[in-house]
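Chain nomenclature is as follows: A, B, C and D, assigned in order of appearance, with residue numbering initiated at 1 for each chain independently.
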Amino acid sequence: MRVGQATGKSSISTANETSVTVRGLDLANDLIPHVGFSEFYFLLVAGRKPSEIERRLLDATLIAIAEHGMTPSVAAARMTLAAAPEALQGAVAAGILGCGSKVLGTASEAAELLQKGVEASGGDADRLVEVATEAVGRIRAERRLLPGFGHPLHRQGDPRSRSLFDLAQSLGTSGLHCRYATELERAAGKAFGRPMVLNVSCAIPAVLLDVGFPARAMRGIPILARTAGLIAHLVEEMEHPAGFAMAGAAAEAVIYEPGS
Amino acid sequence: MRVGQATGKSSISTANETSVTVRGLDLANDLIPHVGFSEFYFLLVAGRKPSEIERRLLDATLIAIAEHGMTPSVAAARMTLAAAPEALQGAVAAGILGCGSKVLGTASEAAELLQKGVEASGGDADRLVEVATEAVGRIRAERRLLPGFGHPLHRQGDPRSRSLFDLAQSLGTSGLHCRYATELERAAGKAFGRPMVLNVSCAIPAVLLDVGFPARAMRGIPILARTAGLIAHLVEEMEHPAGFAMAGAAAEAVIYEPGS
Amino acid sequence: MRVGQATGKSSISTANETSVTVRGLDLANDLIPHVGFSEFYFLLVAGRKPSEIERRLLDATLIAIAEHGMTPSVAAARMTLAAAPEALQGAVAAGILGCGSKVLGTASEAAELLQKGVEASGGDADRLVEVATEAVGRIRAERRLLPGFGHPLHRQGDPRSRSLFDLAQSLGTSGLHCRYATELERAAGKAFGRPMVLNVSCAIPAVLLDVGFPARAMRGIPILARTAGLIAHLVEEMEHPAGFAMAGAAAEAVIYEPGS
Amino acid sequence: MRVGQATGKSSISTANETSVTVRGLDLANDLIPHVGFSEFYFLLVAGRKPSEIERRLLDATLIAIAEHGMTPSVAAARMTLAAAPEALQGAVAAGILGCGSKVLGTASEAAELLQKGVEASGGDADRLVEVATEAVGRIRAERRLLPGFGHPLHRQGDPRSRSLFDLAQSLGTSGLHCRYATELERAAGKAFGRPMVLNVSCAIPAVLLDVGFPARAMRGIPILARTAGLIAHLVEEMEHPAGFAMAGAAAEAVIYEPGS
């Protein structure tokens, strides 16, 4: 049974008996000895090598979202390894499955929000305040969440966002997307009557869109980054098991209430 | 219900309202603006920053195994995204689940093989030939596979292995593990009467063990690396769908044969 | 770090040293020796035992969607087992990840469509034709897909839908949801100028909603059902490997085209 | 690139424009209206319909292992849905990934243990005591775990095992595998000096092997069964969220200890 066409195309890589080619470059000779992993990742998704500034911002965003302690996805991964130690890949997968719309997947929605706002301003920085106020008002009226704003722990400000914005500033790349993100934070704080912290999931697309990083690749950033954090936790779990202790505590946090 | 102890310990990271600390360093001030992603990954799993040489070798190994065209795990991931486009994380997870003992998980088994051989030689390079011959003989007698040797496409030599060994040579880090891997290749070729190519899954632990990279973290290398490749393929799939074409061809490769 | 409240509640089951209680019934004495698996599943999700008619319809719907040859999710699962034979659970998970919005997850969207239509008719069967025409017109105007209609293979009619509708008829349970589904098929065929086959993903909610099966549990039906089919394929894969052949054919269906 | 042969074979099912055939039977006419889901599952994996007794035992074993409260895999699944509510299939997959060698995957290892013992006895019931004593002694000497024995909660006896054994007794199918399992429990209790409870993961293969259920399909039983339990928990999670509360408690069970 076929759904749709019979063949597809791909431009990422090809291999023959003596070589592997990635985005037109020879893997063994042009890439392995010469580039860094984040540079290679940029090449993979964007189809070209990054500039030094793009590479630094990509590194910074990956690091910013890679690790944040015992998050739900780390808990799920460590419990899974405790139950199924034969399959490290299964535990990593279980953790990645928690990089969803509520917890780590908001970077791409925030990217869309930022792009729309900058577009609506016609590239005029002076109009961003007005556009931000309108956008917040509309989202509030529709009782939707503002993707990339608010944080349960960092209530007065997300230190990772500040760090990313400072870096963009010092690299001279901070542009309309960063500016609009800041205006959204201000407008949301006013409209909701409490701090609506610009969190790391908004700061990441803000600094990357300002240097032209492809928006469609935004969603991959938290997934690749968290994979690094998950692997570190699973290597730790192999030596200092905590998964079953976490599962036990999780179970005790739920009260059995028959018939409700 | 509890399995085992009530609490666990972790040394990876912690966070409070104003900061995130990773391996004792302040994420926002010490890490985000200053380090690269692979350096950060080394810090996460090893608990300390890598030397410049360790960082370069880690980058090289990650790049060497990140992407190799339409592998089974890429096929599984692209088909999954075609069927469930609402969940990028699910498609990445499906791809990672194929990083198993047969296809991408041999790096850790190869690491063990190399460590045992170097240990058995007592650190004496002159004994490696003999140890390799014995090891290959034993594995052959037990009809087991030699992890990290042989490749269905690169039959005369894996270009990625050569690149990694050349890099280690040029960095001056090539040591007993690389040497022993080469002796295993030679011994296996002789014993099996055909080229037993030292593939990338053996070259990775060879160059990393020679600089003291923790063996327990070896298994994470192909998983982190392939996540980068998987994301690139899934970003491509969103724009140029191939998943259903691949699934159709896969289905046609299987003949229905009732009652067998 | 906490997101939201500190404790939760659950009404599904509890266990102590000597017994396990599921939905208020003693697992060892009241359930294991006396009920069937589908009956037990109904109890688990609905909180009460099904009537004999509900049980028969649930069985029929599970069987209808459990197996359909070499689907994308079966292909992904078999490739994953070939690559990672140490983890059957990983291969099953890879297959389940393909039960998404495009391929197997439309049952719940179709359920919503049917519920809305029946509601809009005010329970008046004579109004269903008109409501169906309006609904199809709206969906067409918005260029959305009609969930549960159309099939790439069963172009003149899905034999599984017919079977489920016949069963509901013979059990005397066929009601407004089945009727409305048929009207939608008719209206869609007229509007699109070609057969818009009422497929199994629409037939399942149609027959189940007519007996009051909880709509929120509809999405679980294809997932539970396909798990059975996936396990059968993976048991077969262990004895008669086809995963790598499928992966090879899938790879060959994609043409490398540099620089596009 | 190809690993192995170009085509595969499958005997499970095929479909054409007007029909679907499963194991030689017409899905729409012979199966959907007439058989139950567990009967269909037996047909899928074994290639033939079960006898009434086989069907009852299969139902009983599926029910016995489907649900046991807030297990690690349920916790992982509920946390995953809380973080990624857009993908029910992802949360089910995360739960299934925890059906591994330590927690739910021991049924197949226990099956092997039982088969070996019954084989070693040459089918002579009188030799089972001796074979069991030897097997326990060997496993103890090698410091391995006895798969299917011991339970953290049901310390004096697993009520589900008792129920399954009673059912096999009443159906007249209890044979050498059940008998050997009991002898193992006795021998292990003596050897270890404390109760080594014959748990549900040993009782399942014991009653099924006595009626000739294929051993290779044993591993699928807990996976299919738990999928039912997982779906029930996820349907509950949608209405009464507990996942973030569980994740929060899990996080608090781990103490941060720098530099260890």
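Methods note: a contact is a pair of C-beta atoms (placed from the backbone, for glycine too) under 8 Å apart; a residue touches a chain by one contact, two chains touch by 3 or more.
The shown structure was predicted, so the numbers you read here are calculated from the model rather than taken from an experiment.
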Which of C-D and B-C has more C-beta pairs touching across its chains: C-D
Intercentroid distance (Cα basis), subunit D paired with subunit C, Å: 23
Centre-to-centre distance between subunit D and subunit B (centres being mean Cα positions), rounded to whole Å: 31
Whole-Å gap separating subunit B and subunit C, where each centre is the average of the chain's CA atoms: 37
Per-residue multi-chain contacts in subunit D, two or more chains: 1-3, 6-11, 13-15, 68-72, 82, 84, 86-87, 89-90, 93-94, 97-100, 105, 153, 240, 242-249, 251, 253-254, 256, 260
Pairwise touch network: line, ring, star, complete, or other: complete
Subunit D - residues contacting subunit A, complex: 1, 15, 69-73, 75-76, 79-80, 82-87, 90-91, 93-94, 97-105, 240, 242-254, 256, 260
Residues of subunit A that touch subunit B when the two form their complex: 1-20, 22, 27-29, 31-33, 35-38, 40-41, 44-45, 58-60, 62-64, 66-70, 82, 87-90, 92-94, 96-100, 105, 153-157, 159-160, 162-164, 166-167, 170, 214, 216-217, 219-220, 223-225, 227-229, 231-236, 238-249, 251
Of subunit B, residues touching subunit D in the complex: 1-3, 6-11, 13-14, 21, 24, 47, 68-72, 84, 86-87, 89-90, 93, 152-153, 253-260
